[in-house]
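As written, the chains take the letters A, B, C and D, and residue 1 is the first residue of each chain.
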Amino acid sequence: MQQITMGEAVNQALREEMRRDEQVFVAGEGIGVGIHSNPKFPTFGLLEEFGTRRVKDTPVSEAAIAGLAVGASVMGLRPVVEIMFNPFFTIAADQIVNHAAKLRYLSGGKSKFPLVVRMKSGSGIGAGCQHSHNLEAWLAHCPGLKVVMPGTPADAKGLLKSAIRDDNPVIFIEDMILYFVPGPVPEEDYSIPIGVADVKKPGGDVTLVTWSKMLGAAFKAAAKLEQEGISVEIVDLRTLVPLDEETILKSVTKTGRLVVLHEATRTGGFGGEIAAVVAEKAFAQLKAPIKRIAAPDIPVPYSKPLEEFYLPNEKMIIESIRAIMQSKEQ
Amino acid sequence: MQQITMGEAVNQALREEMRRDEQVFVAGEGIGVGIHSNPKFPTFGLLEEFGTRRVKDTPVSEAAIAGLAVGASVMGLRPVVEIMFNPFFTIAADQIVNHAAKLRYLSGGKSKFPLVVRMKSGSGIGAGCQHSHNLEAWLAHCPGLKVVMPGTPADAKGLLKSAIRDDNPVIFIEDMILYFVPGPVPEEDYSIPIGVADVKKPGGDVTLVTWSKMLGAAFKAAAKLEQEGISVEIVDLRTLVPLDEETILKSVTKTGRLVVLHEATRTGGFGGEIAAVVAEKAFAQLKAPIKRIAAPDIPVPYSKPLEEFYLPNEKMIIESIRAIMQSKEQ
Amino acid sequence: MENPNQVVLLETMLLIRRFEEKLEALSKEPGKLHGMMIVCTGQEAVAAGVSAALEPQDVIISNHRSHGHLIAKGAEINLLMAEIYGKRTGYNKGKSGTLHIAVPEVNALCTTTVVGGGIPIAVGTAFAAQYENKDFVTVCYFGNGAADEGSFHEALNLAALWNLPVIFVCENNVYSGAQRQEEHTRVKDLADRAAAYGMASQIVDGNDVQRVYEATAEAREKCLAGDGPILLEFKTYRWGGHSTTDHQVYQPKEEIEQWKQRCPIEKLKKELLGAGVLTEATWQQLNEGVMKQVEQSVQFAEESPWPDVTEALEDIFA
Amino acid sequence: MENPNQVVLLETMLLIRRFEEKLEALSKEPGKLHGMMIVCTGQEAVAAGVSAALEPQDVIISNHRSHGHLIAKGAEINLLMAEIYGKRTGYNKGKSGTLHIAVPEVNALCTTTVVGGGIPIAVGTAFAAQYENKDFVTVCYFGNGAADEGSFHEALNLAALWNLPVIFVCENNVYSGAQRQEEHTRVKDLADRAAAYGMASQIVDGNDVQRVYEATAEAREKCLAGDGPILLEFKTYRWGGHSTTDHQVYQPKEEIEQWKQRCPIEKLKKELLGAGVLTEATWQQLNEGVMKQVEQSVQFAEESPWPDVTEALEDIFA
């Protein structure tokens, strides 16, 4: 199997869908001619292959980019637009939240808006809090949007294909650090359904629900804990909306313990949603308090040691899991 | 004690703070001369009392309104700006999220931004989903902002005063239906601290955490349940950030049961945060699953019966509480 | 393009007028309508004139003051009225109500009550025409107030840059909520803003339906020839308040009266009477026919069933 | 206003140049700096000329390409460099880094890397001057790319409407990321956009520090006299890529060379040599002095302590 990074996997998905379907086009800032000419970037080489008709460089105008997607999609095109960094979503937010997400409902189901908004997210790039600010919880709290946030190259490719083929607005959030991390990706055409979580590692003692970049730390922590005799089941959410409650509940029913791990700040993060679902629907199975591991409630700081401090790490996961393994069963 | 509505209470708070402190000014669309000339609207009569220097009507430009607040506040003024309806926050979001909330941190604590953003929210007004969309969970998931959402006229007045006197950006969300519901408000000058929840009704069997308009339904349901011998403790959050975990945990420790009730849609709503805090920190005290009662995951529909269906109601509260009273203790 | 049938133009304006008058009346009857109503009384010539220059495949993007736009584009008033009542038989099954009615049947694809929110969307629909090399234009309606939103700026710049077939129709009715134009911007003519994007523009008397038609027809031809986009500013006036709950304390009575003297319907009626195209009798007929249609739409709406509450959960995802 | 000391202007430009060159060099040494660097090499005359016309109480709002703006306004390069290194001794204790350094000490109050994000904020600081009737102006720096953001539009309209004392400085360096100006808008001169708000504007050679100074000084006087705001477009050029990670595939080598011929520093140097105000020897001295300052700033930054990780939790609320 090919070993490629998430950046390359996204690139493959875009190319293959653009080849398959003439209605698919991409637009955004630096999508065609950008400042980076790096094959690990998702839009590398698209302009060369598909030309200026289908690869649209736009001005720095996030509201217009999002509006372009809304209008083009209602006409039957399949726009895949990029909002460069997650915090710039704020500028496109009216188009995405009040229009992309609501206009189908407002039409009484007559219209559809098959669009994808790709956004880069994540800390660790030394750009500070106006570039790094994980806002997936916002998007997940907006009926009418699907929200996808892959953690591996293979998932990214398969899920982006589904997103492009989906008849609804899909928000597709890519962690920038993962652009450079390789992983196995099938050569053949495949897609992964939106709304299905993936048990990335089975285990019996505790369920660790996570997504996107934190998957890496989850794996490392689980490996260490295994040596202590604690068996961690890693559930990679992959899709936040629609949420795969079934997979989560099944796992917690088995393990009786839940830890939720995400990079976004703690208060109001999507971890609360997972905790609430489990505290309501699998309460009787719970043997220990539900733990959330998340960034502290601060903007992403710039200084290297501070930025590292911001990101939840392996050690915190290990300690949290040890703690709930010790907490008395109720 | 005077009986006034929340609209009138907000109006009193604005007037009194503007009289007290020359640095306070108000700005927004229709803040001075508006289409409504109704004493139950928060900005009624401000222009007459304070003149055009301190009561600034703006163009329909939400980003500029929010930027005005950011810039004026860093100079030491105390802007109280209005974003007419909660969904229009999306247009101001970059200024509020990437600037108001982050610039103090980015300055290393050197600058401060004492501003208030007032927003109307809530369903029930027959305006549909582009006017009614409760997004308090978004704001609560943005470090650097305080988020206040009062449920009674007295709280609104006292909390708005604190918000205006606070040296940080405060988001103050007012339910439009509550503008017209009267309640007792002290005549003398008083303020209510931000970050302190209020036990609006003591009770022993179940903790009902709620805020804003849903307080009314909570009271009604609690009264009915009292007749069945179920004693409900109503915790009115009033402030979402900073969250008064102590009051919540104290109540749940006493009752052993938690129901969270909010008007915003369920998935990703702030109810998840409350559930997660309790499932982590008062797990041992919990006797039953945590229930969330919230709007379904849809935009607010227009049609009267549909809009009524959208809003969580008394009946749902009663049934949820009955259900968790019956659920076996663990 | 051939001149449109003048009597049909008159009838369209009259239908809009009577529809809006009815809504104003209904909004005063307690318990009839849900929420406030926003009507376009006095501005009928813009919608009628613009749509007279359009073909069925042309797309319109509308705003909160949409009823006229929709009726002129061919929406059926029964289904509009039912939507405004919130009934299941309405165009959007009651989910939309008065503020954001979409009528895909006549290519009125997106109506938004977010001021300025439709302008970037029009860029998208126009882009689709260019992308697929199809012969249709997009008309994007918005008010003078909307021209101050950032979305206006981003959208017009992008439309100009890409040469998109879109006609931006700024319906300047003097007010934005309670603000007069001079209170929300220093520029006198919003058409002048087109120059900031290298875009063509034109200022047109928005109460003269024939001029509105001509300007739109010309703009449409340009767009189809690849010489779009264009910004048309139609000067007109909102006879009523912003909405039916408006107390109108800020709107001078004399100003209203002056503009009523320039009623677009009266103007065309007089011309047609003068030209012998219309007689007092045919005018009476026209008016009665329209009134009847409006009454029937109310009856249709009132007799229509409410949506079942569980329908609220439908139509969210395709 | 008296002409500024030309040698001081030259020194300011030189200090900015050497500072940015140093950052470019450091960014190529692995492990030195955190993240990419955005520098203003070639554009020094704008910052130097603007600030020469300002008083300490004047406020500047800056953008991602801020180092020059901050140095010219009086920021100390030791504290800037330390901030860029992410050290505790930096202006913002390492929380900000290169992209959003605030230096309240010199009234550089808000620097933002959100393109266009600072423009509405400048309206607020200028409003404060008007509200309190104080004698200061706000200078708001942004690029040609930023002029396409909706925030530009909303802010300029409001500033013009309220007559605020703010100088909008559009630093047009031809590029917005990898896009040339003609690829992001159809208008040739962004100054023309001021007319859309009834605002004054001027186009100025941004590589001529004296012209930059004069235009700003004049604009400042107008603002203080209550005749603001104004939009100044300074035509200049970005010698390097957008950032130090830019592959610059899109930027023609000949174009860079042409603009290097118009180096703002060389231009002034030649003039001063010609006028006998400067000699080759004093120039050498100047240059060495500046180089030493820059080297010292690096030393200061490198020797400075890292913030303690728990400091990350501070400075969020006042």
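One rule holds in what follows: contacts are C-beta pairs under 8 Å (C-beta built on N, C-alpha and C of every residue); 3 or more make two chains touch, one makes a residue touch a chain.
Only a predicted model underlies this, so the values are computations on that prediction, with no experimental measurement involved.
Ranking every chain by how far its Cα centroid lies from the centroid of chain C, the top place goes to D. Note on chain placement: the centre of chain A and the centre of chain B lie 30 Å apart, centres being C-alpha means. Averaged C-alpha coordinates put the centre of chain A at 40 Å from the centre of chain C. Chain C and chain D have CA centres that are 46 Å apart.
Centroids built from CA atoms put chain C at 36 Å from chain B. Residue positions 93-96, 100, 112, 114, 117, 148-151, 154, 157, 161, 183-185, 316 of chain C are each in touch with at least two other chains. The set of chain B residues touching two or more other chains comprises 58-59, 61-63, 87-88, 91, 94, 98, 105-106, 128, 130, 143-144, 297-299, 301. In terms of which chains touch, the assembly is arranged so that all chains touch all other chains.
For chain C in complex with chain D, the residues that touch the partner chain are 148-154, 157, 160-161, 183-187, 192-193, 195-199. Chain D meets chain A in the complex at residues 33-36, 86-87, 93-100, 112-117, 145-146, 148-151, 176-179, 183-185, 241-243, 245-250, 306-307, 309-313, 316.
In the complex of the two chains, the chain B residues touching chain A come out as 87-88, 90-91, 93-94, 97-98, 101-102, 105-106, 128-130, 133, 135, 137-138, 140-144, 241, 243, 260, 264-265, 267-276, 278-281, 283-284, 286, 288-292, 297-299, 301, 327-328, 330.
On chain D, the positions that touch chain B within their shared complex are 59, 61, 90-96, 100, 102, 104, 109-112, 114, 117, 119-129, 131-132, 138, 150-151, 154-155, 157-158, 161-162, 314-318.
By the touch rule above, chain A contacts chain C in their complex via residues 25, 53, 56, 58-59, 61-64, 66-77, 79, 94-95, 98-99, 103-112, 114, 143-144, 146, 167-168.
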